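Shared between the two complexes below is chain A, which has chain B as its partner in the first and chain C in the second.
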Partner chain A sequence: MKLKKNIATSEEGFIFNPGTGDSFSANPIGTDIISLLKDNKSAETIVEIICAKYDVDQSQFVKDLDDFESQLKDYGISD
Partner chain B sequence: MEKIRYERPIIQKMNTGLMNKFGTRTEYEPVTHIESVPVKSLINDYGSPLFVISEKQIRRNYQNATRIFKTRYPKVQFAWSYKTNYMNAVCQVFHQEGSWAEVVSGFEYEKAMGNGVPGNKIIFNGPDKTDEQLIKAARNNSLIHIDHYDELYSLIRLSEENKLKPRVAIRINMDTGIYPKWDRFGFNFENGQAWNALTRIISSEYLELVGLHCHIGTFMLSPSAYGIAAKNLCELAWKIKEKYNKVIQYIDLGGGFPSANTLKGAYLPGSDTVPSIDQFADAITDVILGYGFKHEDMPLLILETGRALIDDAGYLLGTVLASKRLSDGRRATILDFGVNSLFTSFWYDHKVSPAQAFGNHTEEMILYGPLCMNIDIVRESITMPLLEKGNHLVVHKVGAYNMTQWMQFITLRPNIVMIDIENKTHIIRKAETLEYLEQNEQIPEHLKENPLK
Partner chain C sequence: MAKKKKIVIAVTALNAIDSPGPGVAVIRAIRECTDFDVRIIGLSYEALEPGIYMHDLVDKTYQIPYPSAGTDSLLGRLIHIHEIEKMDLIIPNFDAELFNFIKLRDKLKAMGISTFLPDLDQFEARDKVKLYDFGKKHGLLVPADKVIFEAKDLEKVAEKIKYPMVVKGKFHDAIIANTLEQAQKAFYKIQAKWGLPIILQEFINGTEINIAALGDGEGNTISVVPMRKLYITDKGKAWAGITLDDSSYIELAKKFIKATKWRGGCELEVMQTADGKSYIMEVNPRFPAWIYLTAAAGQNQPASLVKMALGEKLKPFSEYEVGKIFVRYAWDLITNITEFQKISGTGEL
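Up next, the complex of A and B:
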């Protein structure tokens, strides 16, 4: 999954889509994931990094990441 | 390095526009204990879902209500409304506090007798009393509240045949300014039906008229309606004394006081809009005291308060089964209890709290039950923390009507636990089993063979 190129993000979790004018906010882990997606990290790498940083089982996080990615797609933030 | 506590990643669209001054309340303050007992240990010990009742809260409610009424009027008697919650342990708490029993069926009557309530302290209400039940109640000297003319004439006949003289009252319906008007029960005040029934009773040598009863509605938000009801009953009692020189021993204003639950569609939470018991007591006692009865003729005031005395003593604990998103992106959380256990979720937007701490992020969601039915919705919209499978929840104010109106449908009904005044836990109704459920089923001989075996 790739973020759209024009999406603006901040470290505080503020996301802006200049194409539609929509603003979004994400929680800290969501912000981390968006930042990793922006750096073009693969899903496997994201899982590895997040599971090392947060207290979560890999299977749980993989499920939640799927759900998060589908939200990004629904909101038009990712391709 | 210590890992950061995990919460599900979320992203939320920020909407601009006018703020909703009634806003949706965010329920993220965790409720980890019920009366000092950890929710986690309750679920570990007794399973999930689980109804929990606080004996301490029942007693507090009862003592508070009696204090409020007895400091305003000298003769007050509460009668526990069995239909509100007829778990025997719950009934016994009320009876220990001094409450009589108010029943609306033969089955409830038997329950009250089984709980050791003396016959003369059982009020028998309702439109459905069989001849056998009427005779039994009459023999036990119970207070029989007559609902309709068919019952009145049946009772006169039965009393004559069995040489009985039961103590009776009639249920009176009236216009107290509230909608809907409950005129399907009892005899109407305004059109003279009630007076006709009363004169018929007084003229009968087989019945003893002792009281007047009304029950103007349920979840009443208007104390003044009770003032009107009290005035009408006092007027009848006064007229009976004047015309027949007969003192009415009691007036029974029934039940209907609300709990602090929030009715569906209400803008503000019930805790902000529901009148206090003091306001109802003022409305009722001001009228009776001001009516001018001589001290010795002052009627006993009977109250059949149910919901207001038990609702906040009951909790339903449950567990998140799954979290998913609907086709329109809304979050849906599926719980292990639904409308089958939490019947009152048809009427109320129940307060639901998480039972463990979360971060500050929240999301709007729908709370669904586990039933394979579209109507199985516990809350249509609630803002809660980021719930995950396995998280526990606490539903508040579920003590009234759930444990009597619950349905055995798709799942079996769960344990009910009472936390006593020393915070010890007791199962007061065991979770149902398949064996329990099937004990009254019978299979015809020709259907016993199963070719799929």
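Up next, the complex of A and C:
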């Protein structure tokens, strides 16, 4: 999954889509995922990094990541 | 340093109310331009238009006759104002008054007063009543519509346009109707306020985008700034909005201006559907009330209009700041009874 090219993000988790004017706030884990997606990291790498940083069950996180990615797509943030 | 020439500019639509006219925003943008000095003459219709009392923006205000009084009446008043003020330019900003000002364009020019308005045929081609045919002719997406003069025609039209449909007035107001009863109610409500005809329009579901554009009258687009409303009033007016980065809106505005050879400012009201189609819902033949955002974003459309009206050739703007936000606010301006009395009694302040 890739974020759309023009999507602006901040370290505080603010996401702005300049094409639609929509803006969103992500929680700290969401902010980390967005940042990793911006760096073109694969889903496997994101799972690895997040699970190492946070106390989270890997199989649960894989499902949550999938859900988060479909939200990003629905909101027009990713392709 | 050479002293800048003082330009006398008359501006209408000083009604900075909850459903605001663009005048105050136009003046604010013009005053912000450092290329010229200006004396601003307000032209008002009613004594409580807030701009009349904004003395830091408007130097002097004169009341003018309502558009329904006709061009002779308006011209007579403008001749009087011109004798005192020696106006260089008039920028009318109300839909309902534009017809008269366009009609008077040559006479004003002969008096030494410039305008920068579309021709009458350009102005009429984008009229709500003719917009569908206009779109068809120029390959622009416009929702299907039907113009009616009697409520009894609603039922017949609904067979073709289907519910929900949008019931619109000639100048203002639009009500979404889901049933014949709702459509009839909307018909009479809008008729009472704005008269006939009534336009019945296909309902398009999507995101509303507004585009402020400025044409040079030769088919060139000097400026385009698209905006999405972030907060709207109960009248559907923008209370906050943000500039967008989407080249399809820029291209759409350019296509419109090229097709019409539009001269002056205009606002395209566009509905962007989920499948990416941009329908032109309306074309307002003047600057929108949020026009100051164009100046804030780096494309000062009112100041550019002033320059072109006074004969300057401008290169099109190529960039503007994306994500620039305006948030409108209400402010209780305090004045004295003497000022109110003066504008009410003498028609000048």
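FYI, the second predicted complex is superposed on the first by the 79 of 79 C-alpha atoms of A that agree within 3 Å, B and C clash if a C-alpha of one lies under 4 Å from a C-alpha of the other, contacts with A are read in each partner's own complex, and residues count from 1 in each chain.
What we mean here is this: a contact is a pair of C-beta atoms (placed from the backbone, for glycine too) under 8 Å apart; a residue touches a chain by one contact, two chains touch by 3 or more.
Predicted model only: the values in this text are computed from it and were never measured.
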{"item": "Touching partner for A:Ile33 - first (chain B), second (chain C), both, neither", "value": "first"}
{"item": "First, second, both or neither for A:Thr20, with chain B first and chain C second", "value": "second"}
{"item": "Touched partner set for A:Asp74, first chain B, second chain C, both or neither", "value": "first"}
{"item": "Contacts of A:Ser42 with chain B and chain C, given as first, second, both or neither", "value": "neither"}
{"item": "Partner chain(s) touched by A:Ser10 [first = chain B, second = chain C, both, neither]", "value": "neither"}
{"item": "First, second, both or neither for A:Val56, with chain B first and chain C second", "value": "first"}
{"item": "Chain A-touching residues of chain B, taken from the complex the two chains share", "value": "3-14, 324-325, 329, 359, 361, 386, 388"}
{"item": "Chain A - residues contacting chain C, complex", "value": "6, 8, 16, 18-21"}
{"item": "Contacting residues of chain A [partner chain B, same complex]", "value": "15, 22-30, 32-34, 52-56, 60-61, 64-65, 67-68, 70-72, 74-75, 77"}
{"item": "Residues on chain C engaged by chain A in the complex (per definition of touch)", "value": "207, 227-228, 230, 241-242, 244-246, 322-323"}
